[in-house]
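Each chain carries a letter (A, B and C) given by its place in the written order, and its residues are counted from 1.
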Amino acid sequence: MVELQHQLASGLALGGVYAITALALVMIFQATQLLNFAQGEMAMFSTYIAWTLINNGWSFWSAFAATLALSFAGGVAIQRLIVRPFAHAPVLASVIIFIGLSFIFNALAGFFFGYSVQTFDSPFDGPPWFGNKFMSASESGSVVVSVAVLALVFAFFRFTPLGLAMRAAAQNPTSARLVGVRVGWMLALGWGLAAAIGAVAGMMAAPIVYLDPNMMGGILLYAFAGAVLGGIDNPWGAVLGGFLVGVVENLLGAYVVGEEVKLSVALVVIIAVLVAKPSGLFGRRIVARV
Amino acid sequence: MSAILRATGLKAFYGPVEALHGVDFEVEDGCVTALLGANGAGKTTTLRAVSAMIRREGVLEYAGRPLNGRGPEDVARLGVAHVPDGRGTFTDLTVDENLRLGAYVRRDRRKLKTDFERVFGYFPRLAERIKQQAGTLSGGEQQMLAIARALLSAPRLLLLDEPSFGLAPLVVSEIFRILRAINQNDGVSILLVEQNASLALDLATRAYLLETGRVVVGGEASTILANDSVRRAYLGY
Amino acid sequence: MRALPRLGWFFAVLFGVSAPFWLSGYRLYQFSQVLIYAIALLGLNLLTGFNGQISLGHGAFFAIGGYSAAILIVKLGLPYWVAIPAASAVCFVAGFLFGFPALRLGGLYLALATFALAVATPQLLAYKGFDVLTGGSQGLQVLKPTAPFGWPLNVDQWTFLICLASTGTLFVLARNLLNGRIGRALVAIRDHPIAAEAMGIDAALYKTICFGISAFYAGVAGGLDAVAVGFVAPESFGLPLSLAFLVGIVVGGLASIGGVLFGALFIEFVPNYADQLTVFLGENAKALPGAIYGVLMILMMAIAPTGVAGLVRSLTRMMRRT
């Protein structure tokens, strides 16, 4: 029983990483109808930036903050310079662009930071919180950070004028323009936010999966699975999906299929959901306009 | 009286296709001007051209200054509120959120509270449904919401595209009564596109008749109403 | 000038046929790889370029071909010239079956599903449960083919000739396919799916068959690869391979048969040259191929969406006018 709780706990910790990555994916999807295949590599690169700062003497949280700011700026730049010119291009073109971006980030990380696996210390060390027996301090910390990020994003979109404007721009760009919203910049902000959120995911994942240029490949897949499961156009469904995938993947890996084939769980989830109920658990029915 | 909006030789294009072939019209400050005509005459196109939603050429002057070379966001920030055909409500957002978006361009947040109260005074039904999702409102309520949202941007000029479309007569007359009040009490100029000519001519002081992208008749609303041949040829009665 | 493409093909064939006699062992092996990639790229191009179904997971079918052939050779003792066609048939069935759920997935979702397939493939191949067949994470060793009837050709030369013959046959097959009714139907389905259906084209059938054929090509390539390289192992068949295929058809030219050759040359030799640069740039020059791929993919979409083949076509058109 204790073992099960351990598995649940670590499933939640990773699930938090999947959840916030899934949120970033859904944010971009809602605004642009595109899947950001480069989300993982962007997060990985951000984590390397944090790692470099920490190695140069910065405290974890100041490196964290600086990385968020830099990632945000990077996301905005990517949208303005690379994504926007292809806004009206066919789907295949944007898929190719995002794959190209992921190649570039992967190569940059390898070139500047090397390919050897690095350790990335969690900022939460020490004894388990509140003397609990199930979650290590770093796991508890990771979950808390993930939930905090989710809460902040939720509050931003729900209660601030800018958040409202971004939602409006994503749902109905034409009407948004008519009320004075600069839709183009809203998209850029969305990308910046997604990049910053991805950076958090990377920094929470690195203590668990270790830091190397290929660390986010599996995580991105699980995040996709969570987003698809929850509903690719429903942010909170995606979050729930991410946590679910984290827990299920961990349990299945520990008790059913074995650690080595956990990724195929994600594969099965993705294909099964897309074929049986493409809108996921909480999304709207996807209607193709003829 | 000066013109809040003046168009000279206005052309508009959907891609390579020219849809407006050089129209001239003006909206007097504080007055209501109607654009009339059959389906496809170019009325909606004219409003879209004013709002810079489509490519246009020609001269557009707003409050004496040229309106060219800007996008819809900029036109909105100048005090031109456009209620598009089909209402343009954000159906997935609540009534409250739709209204708050109307106020997005406002700098003077302090006046906002009184403006909200005035808008609810015009449209009490919206106050009742404030937390409701906009897409679940009836057609008439959505039209009221669209107009209310436009009002909250404290516009000098209101562009209205077919407010009567698809609504029951009782609802329509209520809306037009409110439009008259908005024009007279708040001094908001209105450029009104309508297929229902009698309603429009009743509210407007000036009117222009459009046919396939050109103005064929323009003048005082009362003159157009009195002109039998125009009425029979273009307004069907 | 109209003769330029034909001239190009003539020299390519000439090069191919003569190569075993003047290229060294390793170089010849590399060109065998080029031919193998060309076959795989042709399959992917059929699916994605001509028929518009985005596949980010073609490495998986390549793997199925390679592993099937390896298993048939190693575990059942079949000769390669039986194993490879058999493996390809398996791939056709696999692709055809995958084509059914793929029908329900539009462009982006199919890309996602095939992406997942690519990421999951190495794990599945290494799965201990399949150890007996697949050799687990160690993979399988395959004996390379020797020339028949005692002909005086070494392993590299004979392998190259097999690849050449396969490539030639499959290219001609593809060209005939695409020039005929099937090809036109596929393109119609890509560009105007609803109009195509309205005209009576059974889109579902064509799309699943296309998936099958495309997987068949990848399977042939995979089988030849298993035999040319001499072993199959899980790590070779992951996401990087599937993405390299995508790079190949983008660079060579989507919906271009000739471009596929250039794409294959590209993905074979760019990593190779980048590797040689590690001498000068240090260990991290491993990053160079990825950087080149990434920059080129974005650049190509921006300035040459029809790839190198398209550029060549525009060039010949320009020269024809002068």
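In this section, a residue touches a chain if its C-beta (ideal position, glycine included) is under 8 Å from a C-beta of that chain, and two chains touch if they have at least 3 such contacts.
Remember, predicted model here, so these are calculated numbers, not experimental data.
Farthest chain from subunit B (centres taken as the mean of C-alpha atoms): C.
A comparison of C-alpha centroids places A closest to the centre of the full protein. Per-chain CA centroids place subunit A at a distance of 32 Å from subunit C. Between the CA-based centres of subunit B and subunit C the separation comes to 58 Å, rounded to the whole angstrom. If you average the CA atoms of subunit A and of subunit B, the two centres end up 43 Å from each other. Taken in their complex, subunit A has these residues touching subunit B: 161, 164-165, 167-168, 171-172, 174-183. The residues of subunit C lying in touch with subunit A in their complex are 48, 52, 54, 56, 101, 104-109, 111-113, 115-117, 119-120, 123-124, 126-129, 194, 239, 243, 246-247, 250, 254, 283-291, 293-298, 300-302, 305. Residues 51, 53, 71-73, 76-77, 81-82, 84, 88-93, 97, 100-102, 104-105, 149, 153 of subunit B touch subunit A in their complex. If you check the complex, the residues on subunit A that touch subunit C are 33-35, 37, 82, 85-86, 89, 91-93, 95-97, 99-112, 114-115, 217-218, 221, 224-225, 228, 258, 260-264, 266-267, 270-271, 274-275, 278, 288, 290.
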